[in-house]
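Below are the structure tokens for one structure; questions will follow.
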Amino acid sequence: MAELDSQPNDNRTAAAASEFPRPDGRLPGDLRPVRFQNHIAPHATGSTLVEWGNTRVICGVTIDEVIPRWMKEQGVPGGWVTAEYSMLPYSTHQRKPREVSRGRQEGRSQEIQRLIGRAMRAAIDLRKLGPRTAWVDCDVLQADGGTRTAAITGSYVALALAVQKLRKEGLLKESPLLAQVAAVSVGVVAGRVVLDLDYPEDSSADVDMNVVMAGESNFVEVQGTGEKGTFDEACLNAMLASAKAGCRSLMEAQRAALGEA
Amino acid sequence: MAELDSQPNDNRTAAAASEFPRPDGRLPGDLRPVRFQNHIAPHATGSTLVEWGNTRVICGVTIDEVIPRWMKEQGVPGGWVTAEYSMLPYSTHQRKPREVSRGRQEGRSQEIQRLIGRAMRAAIDLRKLGPRTAWVDCDVLQADGGTRTAAITGSYVALALAVQKLRKEGLLKESPLLAQVAAVSVGVVAGRVVLDLDYPEDSSADVDMNVVMAGESNFVEVQGTGEKGTFDEACLNAMLASAKAGCRSLMEAQRAALGEA
Amino acid sequence: MAELDSQPNDNRTAAAASEFPRPDGRLPGDLRPVRFQNHIAPHATGSTLVEWGNTRVICGVTIDEVIPRWMKEQGVPGGWVTAEYSMLPYSTHQRKPREVSRGRQEGRSQEIQRLIGRAMRAAIDLRKLGPRTAWVDCDVLQADGGTRTAAITGSYVALALAVQKLRKEGLLKESPLLAQVAAVSVGVVAGRVVLDLDYPEDSSADVDMNVVMAGESNFVEVQGTGEKGTFDEACLNAMLASAKAGCRSLMEAQRAALGEA
Amino acid sequence: MAELDSQPNDNRTAAAASEFPRPDGRLPGDLRPVRFQNHIAPHATGSTLVEWGNTRVICGVTIDEVIPRWMKEQGVPGGWVTAEYSMLPYSTHQRKPREVSRGRQEGRSQEIQRLIGRAMRAAIDLRKLGPRTAWVDCDVLQADGGTRTAAITGSYVALALAVQKLRKEGLLKESPLLAQVAAVSVGVVAGRVVLDLDYPEDSSADVDMNVVMAGESNFVEVQGTGEKGTFDEACLNAMLASAKAGCRSLMEAQRAALGEA
Amino acid sequence: MAELDSQPNDNRTAAAASEFPRPDGRLPGDLRPVRFQNHIAPHATGSTLVEWGNTRVICGVTIDEVIPRWMKEQGVPGGWVTAEYSMLPYSTHQRKPREVSRGRQEGRSQEIQRLIGRAMRAAIDLRKLGPRTAWVDCDVLQADGGTRTAAITGSYVALALAVQKLRKEGLLKESPLLAQVAAVSVGVVAGRVVLDLDYPEDSSADVDMNVVMAGESNFVEVQGTGEKGTFDEACLNAMLASAKAGCRSLMEAQRAALGEA
Amino acid sequence: MAELDSQPNDNRTAAAASEFPRPDGRLPGDLRPVRFQNHIAPHATGSTLVEWGNTRVICGVTIDEVIPRWMKEQGVPGGWVTAEYSMLPYSTHQRKPREVSRGRQEGRSQEIQRLIGRAMRAAIDLRKLGPRTAWVDCDVLQADGGTRTAAITGSYVALALAVQKLRKEGLLKESPLLAQVAAVSVGVVAGRVVLDLDYPEDSSADVDMNVVMAGESNFVEVQGTGEKGTFDEACLNAMLASAKAGCRSLMEAQRAALGEA
């Protein structure tokens, strides 16, 4: 089991923190501690339980030796990566009814799983994956803000573990992984840019942004929303800078969990 | 038709075991090892991860301070206990599609969750529970046979933990728990009665029975099915004797997990 | 049309009856009268209307000259038997909304039709049936307790009629029937074991058990539930003895309906 | 049980019949025999099994002492009549899958049940019915053409039986029935107008019309469709004349079944 | 019951009109103005926006170079025409929730689209269409009575435009069109037969009839319903005469829209 | 009817254009022409048909004098704005099956309508709107890239028209509008940042970004996705600059359509 605490982010000062303390005492640019408990679901090809502050997500990657019908019909070469996201009923303070109870997925879940799928496809060369489908399943065990960024950051670890396994079994000669992918949220809370919002911060944020990076300087997704207000270019740039630093720390934690540190 | 020499589980001998070894080396009357990892889902009122051999089930009990509409309308006093059961997609060797994908629950899931609900209602005095609903959620993380009996045995622990919490918070003056509830499977495999079937045994069993007990000598449910044959009364009695012994061992493990040993 | 009243069960005494009269005057071990009205649905391959006290169920068996896709894919030889169960809206005192209105089947219906399917598969040698599917449809016209046992007992008659027809048409050279299958309920009402519960008894039973038998001494299914209490081994044995006697009487009635008496 | 054969229709000649014999030997203006078996579903307020040639439909009317929400909200006085129509799986030569299996009703079923509902509302004064809902359920046991006209003709009998029961119980002081309602099909087959098409005729008809009448000379519904061709005014008039005569015979049969002959 | 003095539509006089003015000043036999705005949806093979008084319907015909599976399986030669009908949410005074919100189509929509499909199939020789499917989509932009007749009348124009396009592209050597198809409503309002009911008239009509014609004297569909009463043969004949005259005017407008005037 | 062509965007040079011509001859920073045809759906409170190049979207805003249940339950003051998005079946080159056919909305539609809803809520002061719901319905009549940005830009016009109407009717004393909201896409195609991608460009874009602005310098949403690659900060800044200029041109066109130019 790979376990480590992520390193605190650098761009902060004790002064700033004492002026505007965050609910859990973090500085504006601090991440919550992140740990990975690998192989949580041994029947999956790769799996990890990511614990990120009080947010916990089970990420399982299962490799299926078939490709989707549309790929076959259109003759697209290589493989595919697709994701599903769900919140377990006991993950929230008020029990969350299962989506199957009303017979369909919520829009929010669909939006998040489409995001996870795109993020994971940015991590991998689909041609090198070969004619396989990687199912990425993310089930939230405990929700305290940032479940989608935890799902992406954990899914990369599970995907890399699945790739390791396929290589050990001789099913893949070279690694199809293109870049390390991690994600973090950043937002404006009480007039200040803060990194990695927990649930109370997320609920009161004026602006909320999720940033997915592939490697140290490239963006896969930038999704900023003015929930309670709008934001100008200066604010956007400050958020991006903080998110970049956060993703770099997360990638370090991922590498440690994968034994690549 | 399985008309068999059914050895009762406590009369076993090393000789018998060496003659007919089970896939994992167990004797006919042996349980697989059982462990409980409590508080796996801290937002639930009570929760545990039950690991039973290679079967792992998350059991979460969430107390909701309302009662179902039908109870209100019919003026039924007290509270209610209801259960939901689901297999996570990475719990099986072949990925299992989420039920929400086809918009409805499978018959098997519904049958199991109705069984879990009845079992838990046998553990508790609904009047003493007060006007509350206990939602029992069971999500299978890894499936290797006996997921329904693991779900019941784990749910009792989660339910007892939830009761402990309500009592600590002063919401319950006395415990509504009536009896300790545990469940185990028993069956006829290769002409012999065996306790606690794992997946390979379950797949080849001629007869399969699930037994739910409340306390040391009373049955809540007895569900025996001749999957590939039928069974006579002698066989039924041998299975019941083995299941009884199994449930007693499980109750010991539950008490230990609850600090009541 | 084959019509006969089933013979009363033997294990009773006038004394016992006078002490605790049942709502309709039956003794503890008495069945309600059972009649079969064959060929109720002439487009089915075999059909019967079973009238069992005030419970009436239409049982239709339709033979389809194809097998399910999973059998083809897995190369399983022989045929298949599957069942569907539904309550017609006017079968209950309060009109029961059709399941299609809410777009899905209730858990209870699914559980019952799975039980009927297993029971019918125990009656027949699937290899000898040949590459065919037998659809067993049970629609409850009037419900007064015991609809699932009436459905099973009637379905066997409909299945045997369908087999007779296939044999007459030369589609089956030998009968694939293995054993006669019948089912009955038994329970504990007001502290006493009673056979074949009607609706008022079923509603107040402490323990409820459904027993399916194949032939005179073998069980296919034993499903005992402590609805309002639990039950010990002595009680279980008393229930099984009563159910066995009941099934034997039912099998006599089936044979008469099939002209095999 | 009220049983009678309907009288053959008058407007025919032996000559015409010998020229173009119909599949079952009927003359162009002949109805198939019609019988009603009342009280087939004793838990309904009124019920009948209508047997019309080889078409058999169970018609059940259940009175519910509530009105639909939209009537309450809009303050509409009186009661409501609504219908549901379904074909049982064994009613057709090829087994017909249950609509619940695909989670929704077919368009054809919805269209027919809307027609039955309108027809029944023409039979009754909704104000005099009082604040009640009459659920009209029609389940086809055997289909051989004309299931919708059999459903309407049988539903009127079931509705009248339900009204009789409410009056006996003192719930209705005067009868809310306005007019006797019956329905019949008529069409153009092989260039000739024929009454009451059976399945083979219906399949080959160029024009198909369903006529619902309230009393001897008034139409409730006229639904004519050129399935394989079109029709001119002369043809329409010939069809209407034949249908009128047919409905009159059916009303006689209804009155006999209701003991009003 | 409406037993009425039904004035035929061509015998009207200014006097009659002034006596019983219609809500919008029309005479009993007057149509509302009808206009076609072709090519409203350029990605469709043929399309038109029909504006008929205040009713506006988008009619799009898309040709798909495949045939339905049932045609392939049954070896039916030629092509197919099928229709879908929907009301846009802003088409009614009170916003109409989308059908997808409740997961299924209303019975009314299904009934109308089945009618449109039958009407369009009467316009075309399916064999000459060749192995293609013509999807007829009708979306109501504004509803003021007569949406189904506007949909049919507009769909014929869209279908003819699609045929023109296929012929220009050389995909069809000869026109498969058999007859011009148009539809109009007619009814009894305040004791008088009126043509082409708008929404207020439709809401208060005693009798409502939709007539679909193929060419000047042949009917495809006649659907008359006594919504609030019944109707006798004289009334039916008066309605048919008025509808015939209306359809002839509509066919003139269609020809003008198609440049065939 | 307000009709105008939007002004071409400034930041371009003839040189750049001649080097890399876009499919339709536009310069990298050019918008396609935009026109609004107001009052397309007169039953809506406000409506417009936005034609943006070959993309055409019907935007209808209907005001409902109620608020959602969750607002009532939580006592949230003011009103609500919610959106629904759908593509009409004839909007695409290949007919797009209606979502109701499979019983549920696609994830893409849900994601887009959530985006439209958030964008419109940024345009309006929900407290000043009063206890009302504004339903924003967007139906795509023709799709050629940028349907979501056309939907947002058109919806603002429809919303402003609805507000105008409420003010004329005296239902709103002051305008609840906070800021003008418009949206545009920008992306990287063939290595170059281009504004307002049409369908062929969108299909081949490496990076795709949708930008929603409220007023001239504030962002409501920034959603950038590396579809086929990733993007660095310099690229992000170039895209934002182009999108800003595009939104300013669109706001001019909106003001002209609203008679506020």
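Chains: A, B, C, D, E and F, in written order; residue numbering restarts at 1 for each.
One rule holds for everything that comes next: contacts are C-beta pairs under 8 Å (C-beta built on N, C-alpha and C of every residue); 3 or more make two chains touch, one makes a residue touch a chain.
All values derive from a computational prediction rather than experimental measurement.
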item: Touching chain A and also chain F, the following chains; value: none
item: Set of chains whose contacts include both chain F and chain B; value: A
item: Recurring contact interface, reference C-D, options A-F, B-C or E-F [over half identical by residue number]; value: E-F
item: Rotation, 0 to 180 degrees and nearest 5, that superposes chain D on copy chain F via CA atoms; value: 120
item: Separation of mean Cα positions, chain F and chain C [Å, integer]; value: 62
item: CA centroid of chain B to CA centroid of chain D, Å; value: 53
item: Multi-chain contact residues (two or more partners), chain E; value: 103-105
item: Graph class of chain-chain contacts, one of line, ring, star, complete, other; value: ring
item: Contacting residues of chain F [partner chain A, same complex]; value: 104-105, 107-108, 110-111, 113-114, 118, 122, 179, 209, 214-215, 217-227, 230-233, 236, 240
item: For the chain F and chain E complex, residues of the former touching the latter; value: 40-44, 47, 54, 58, 60, 62, 64, 84, 86, 88-93, 95, 98-100, 103-105, 135, 137, 139, 141-143
